[in-house]
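We just call them A, B, C and D in the order they show up, numbering each chain from 1.
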Amino acid sequence: MSNIEAHSPEPSGQPSRDDDRLDGPAPATRPSSQVDHLAELYRQMLLIRRVEEEAARAYAQGKIGGFLHLYIGQEAVAVGALSALKPEDYVVTTYRDHGVAIAKGMSARAVMAELYGKETGCSRGLGGSMHMFDAKTGMLGGHGIVGSHIPLAAGAAFASKYRADGRVTLCFFGEGAVSIGGFHEGVSLAALWKLPIVFICENNEYSMGTPLSRTMSVEDVSMKALGYGIDRDRFFAEDVLTVEQRIGEAVQRARELSLPTLVEVRTYRFRGHSMSDPAKYRTAQELEERKKKDPVLRARTQLTEQGFAAPKLDQLEQAVEAEVMDAVKFAEDSPEPDASILEPTTYDGPFAA
Amino acid sequence: MSNIEAHSPEPSGQPSRDDDRLDGPAPATRPSSQVDHLAELYRQMLLIRRVEEEAARAYAQGKIGGFLHLYIGQEAVAVGALSALKPEDYVVTTYRDHGVAIAKGMSARAVMAELYGKETGCSRGLGGSMHMFDAKTGMLGGHGIVGSHIPLAAGAAFASKYRADGRVTLCFFGEGAVSIGGFHEGVSLAALWKLPIVFICENNEYSMGTPLSRTMSVEDVSMKALGYGIDRDRFFAEDVLTVEQRIGEAVQRARELSLPTLVEVRTYRFRGHSMSDPAKYRTAQELEERKKKDPVLRARTQLTEQGFAAPKLDQLEQAVEAEVMDAVKFAEDSPEPDASILEPTTYDGPFAA
Amino acid sequence: MARVLRYREALREAMTEEMERDDRVFLMGEEVGHYQGAYKVSEGMLDKFGPRRVIDTPIAESGFAGIGVGAAMVGLRPIIEFMTWNFSAVAFDQILNSAAKMRQMSGGQFNCPIVFRGPNASARQVGSQHSHAMEHFYAHVPGLKVLAPAFPADAKGLMKAAIRDDNPVLFMESETLYSVKGEVPDDLDTVPMGKAQIVREGKDCTIVAYSRMTHVAIEAAATLEKKGIDVEIVDLRSLRPLDEDTIVHSVRKTHRCVVVHEGWPYGGVGAEVSDRVQRLAFDFLDAPVLRITTLDVPMPYNAKLEQLCMPQPDRVVSAVERTVGKNRAS
Amino acid sequence: MARVLRYREALREAMTEEMERDDRVFLMGEEVGHYQGAYKVSEGMLDKFGPRRVIDTPIAESGFAGIGVGAAMVGLRPIIEFMTWNFSAVAFDQILNSAAKMRQMSGGQFNCPIVFRGPNASARQVGSQHSHAMEHFYAHVPGLKVLAPAFPADAKGLMKAAIRDDNPVLFMESETLYSVKGEVPDDLDTVPMGKAQIVREGKDCTIVAYSRMTHVAIEAAATLEKKGIDVEIVDLRSLRPLDEDTIVHSVRKTHRCVVVHEGWPYGGVGAEVSDRVQRLAFDFLDAPVLRITTLDVPMPYNAKLEQLCMPQPDRVVSAVERTVGKNRAS
């Protein structure tokens, strides 16, 4: 990972970071047995789920402000996809970024502290929920303008090709982003220049309150690949191992052939668009139906079916619980950033007033 | 055409116009015989060709300034396409707009006077070569930012659907515009909302000095239609009647079914991108090859082959020549706009300095 | 007679009345219909007018902004909602190059009767990409009109005027104002654009403000009154055209001026006001014009830092005290 | 020793030297390679550095601006050319929301060492969509640096400084300056950003200008000298950060100030300078600060009207005469 440091503009640009920021799972370490591997993916999904449930609670208590877009229901996408990467690979995503951040290796502490706006947060309390960044794990954010991060991701992939560093970039976005220019320009250029990138459209069927049918004339998002002459894939993300395997194929295409792929992953968010959204635009039945396919529960069931011992499972879940509670306490106890942080992180000219 | 007036925001918004602005051919009047029809299309193409040749000369003499993007070599596209429209239909195009303006019914006088920056120009000398507008003939401009006029065209088509006025909008753009967000957003929305519009990509193989192969990963531009689920067509524009017929099909689809079509018309420009471009990026042989397929000459040959009498042809060409010379003289003799024109065409607040 | 309405309701009434009056007027934007508006400004309008006139869009601001301009060119009168003005950044070109230029570059043939509207400036802890005061970019541009009312009555009257105007009008609302209540006369028609109003008369110093900052100025005025300082507050309402007469007339009386707005200081609306005041009231000024603005940094997420960056009544109070304390050396 | 170079050549030398010294630096834009640059600034660079480092792009400004920012985040140092700054309007969001915000919103983890460059402001009769002075939009934004040198030596030295800086730097050139010649010291390395320079010393009035307008100011100064008026000219070179010390120091000496720039007046760089001068030199001013700018209208195509709209030496002369004629009432 020091690679990333090596390529970062100036040491000065990288303020020293609290070591606790680097705890948490190393996502791409492959355990010997497949069951243990599934257990690790389950652990990550559960961690994301629990971190967000606690975040929702803290939000209700007014300890977290602004927008909070929960990933609950979509965990298999980030965990499966990131598990197909190497630690030095890059990832770029939207404002719905907690899952991706944790799956890429960010600690629950760094995420929770950021949500609390604390100095120990991944972005030192300046970014918040929508702007999770971590130079050490190759997490390039957390971006708030729909579509605008897609060219940024292509830029990271461009840099990898320019330096021949063998890295792959994953770019996540929602199906609502496919209608905007940033998607078109980012994918066009990646296709033209054969960049090592995988475009992952998380089709959760809604863009805020708008169903896919009212945002796109072609409901199969992956069809867009035809216009760019790149490979495409499309599947449901209920099974985390399926996600890992299918994204893995695209990652391999990127790494070995330096070719981009557009992958439409079909998923569903169990919560509203953000905390302020009561999600009146969908029926309770629809939601219940989809919750039956909860990827976290599914992985858990698979584990028990595959004979993952109950005590081990219990231990794993308690460890996750402990990690989450520790993260909350850490966030609560951490100091707020001081005003002095504002100046050095912006241009060093004189204030105008 | 008074229709357009009826729908325009306020009479006040439509300053009274010199009648001479309305001379020139009514593009969609169908002469009885097919030969006479071809003769009319030939007349329009020749008029465009000669107006631009004279404009190039005046430019060299410093009588025309700024950018001058000639349409020479592409005349069959505008003339064939516009001939498939009704007078009240709308057209929107790029900075390479003289051909479209004339084919839609703008007079040579109005075009030449605009190029000279005179008050009698179609845009009263304020727009220049890139910004030819004519409310009376439904010519919605002449736009300078690549791709940005595509949503405007979709907006005109949106208005037609909103008012159920039965109009169709044609939108012209170069193959270089297909990589930009404006193309994607304009076409996406037109496809989603089923707008009565025809997107005509004039693929002249170069975007300034860049050949198509270096701007797009898929050389068949019409393939983009697949991602939007709209109809597509693709053909060479050497024969003006072919253009008329093929665009006619798309126009019919727009008018009768309110469905958009993406049409890639393959053409070639004989001059540089603009007057300042020596076009070193292509070989003399390539240019000579393409000039053999000059659509204007081809139409003339067809006419003689089809027995269009030499005296009539002679008469037609002399009439065009007279019209062009009259336009030049008109432009030379016309007054420059007075500074007083600036204020009323902009907001009426106080100047700040 | 008058009723008490929320800012949000005043806007809704204005749009509804204009749509009832003129079929050419329609509302288009993200979540304006089925979702009833991201901030509920258009609540109920889809039911009332149907999907032909209340149109939900995909996320494609430059696309639907451009569609609005194209529709306006041929005679419709679109109201385009940006879910927030921050997102107009991706449609910047359509506003700068299409909407603002159309009338002049067509020699007066095509004007562009369109309203762009939505919440502007800071909300609460929404971070650096979602807290822009975009009026500072747009007020710079001839061919546009830019409005930023502070009260429900002005919001209603100016919105009606904007919809009837033949120029592109950018209407700056505020998430933090939507629930603010105010009296709205039953017979209110349009409020003229380009006219500021004195919301508090005073003799010691002129405070120029608009949108939410007018309320901050009023709060500061109360504190200053206790300190024996009597300020006059000019609520601009309209940023372009700018009512320099009202500003200058007030400053010639008070001899002092403080401008308050959200957004960064460099070349903002405040800089423009400052220039006009020093130019047109030069001999009347007893102290330099001071500006209280959002600090010159990207907006931080942390709540305390965000409040620190934003203009607060106490900063306005101390600025006024500084100007009142100052006496011209001569 | 020094050589005489054209502005265009000075820029090319700066980019070439920095690319030779640092493999992380590359040039990307429309027609920068095979075509040798729309305005020949990058002539010969493709042959010298090859297609890996001199990259022709399709027409997709927001796409390649974003690619530049993404590449800068992970350690490259892109130079992104906009064929003209007008076209940055379609990439506005990437500059405002990605480039300017990245460092702060990532808590200082990702800075953005990128240079955006190209010709800015008016050319000749290119019409309203192609004549924008875009610096007025960007100078407003914290997180960006904005440069606008007038002379070849500054163009070279500032371009080298910009490429080595870890912040996004916007470099404003001018089609009408590319062929201007000037002495460039052989040993010239970087010229510091944020420092203005006095290009003419004088005692009667300070003229603040930058880019092409510095040359207009010099022309006006010659005329004024004949009339017995001795002006001092401050060439800003850097718009953000703005060297207010040099400006204020000069005005405290001359007691008068005229700001000259292309682009519209409302909330432009001139308004900012005007505000700082009236605030920081209040007791020294004998006359209001005046601004000479492009008239507040979209740029017309007609040659005479275009010249009428643009700042001309004679307008600068009469503005200076007005300020010098004025004496503070007291």
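General remarks:
One rule holds in what follows: a contact is a pair of C-beta atoms (placed from the backbone, for glycine too) under 8 Å apart; a residue touches a chain by one contact, two chains touch by 3 or more.
The model shown is predicted, which means the values in this text are computed figures rather than measured ones.
Distances between chain centres, each the mean of the C-alpha atoms, put B farthest from chain A.
Interface comparison, B-C against B-D: more C-beta pairs in contact at B-C. Annotation: 40 Å between the Cα-based centres of chain B and chain C.
Measuring from the averaged C-alpha position of chain B to that of chain D gives a distance of 36 Å. Annotation: 47 Å between the Cα-based centres of chain A and chain B. Rounded to a whole number, the gap between the C-alpha centres of chain C and chain D is 30 angstrom. Looking at chain A, one finds that residues 123, 125-127, 131, 143-145, 148, 179-182, 184-185, 188-189, 192, 214-216, 341-342, 345-346, 352 touch two or more other chains. Across the assembly, chain C contributes residues 58, 60, 62-63, 86, 89-90, 93, 97, 104-105, 127-129, 142-143, 240, 242, 264-266, 272, 290-291, 296-298, 300 that each touch 2 or more other chains.
Residues of chain C that touch chain D in their complex: 62, 86, 89-90, 92-93, 96-97, 100-101, 104-105, 127-129, 132, 136-137, 139-143, 240, 242, 264-272, 274-275, 278-280, 282-283, 285, 287-291, 296-298, 300, 328-330. By the touch criterion stated above, chain C contacts chain A in their complex at residues 30-31, 34-35, 38, 56, 58-63, 86-87, 89-90, 123-130, 264-266, 290-293, 295-298, 300-305, 308-309. Against chain C, in their complex, chain A makes its touches with residues 65-67, 117-118, 123, 125-131, 143-148, 176-177, 179-182, 207-210, 214-216, 281, 336-337, 339, 341-343, 345-346, 351-353. Interface residues of chain C, counted against chain B in their complex, comprise 26, 52, 57-58, 60, 62-77, 93-94, 97-98, 102-111, 113, 142-145, 166-167, 194, 240-242, 244, 272, 276. Looking at the complex, you find that chain B touches chain C at residues 4, 6-10, 12-15, 90, 92, 121-127, 131, 133-135, 140-145, 148-160, 162-163, 181-182, 184-186, 188-189, 192, 341-342, 344-350, 352.
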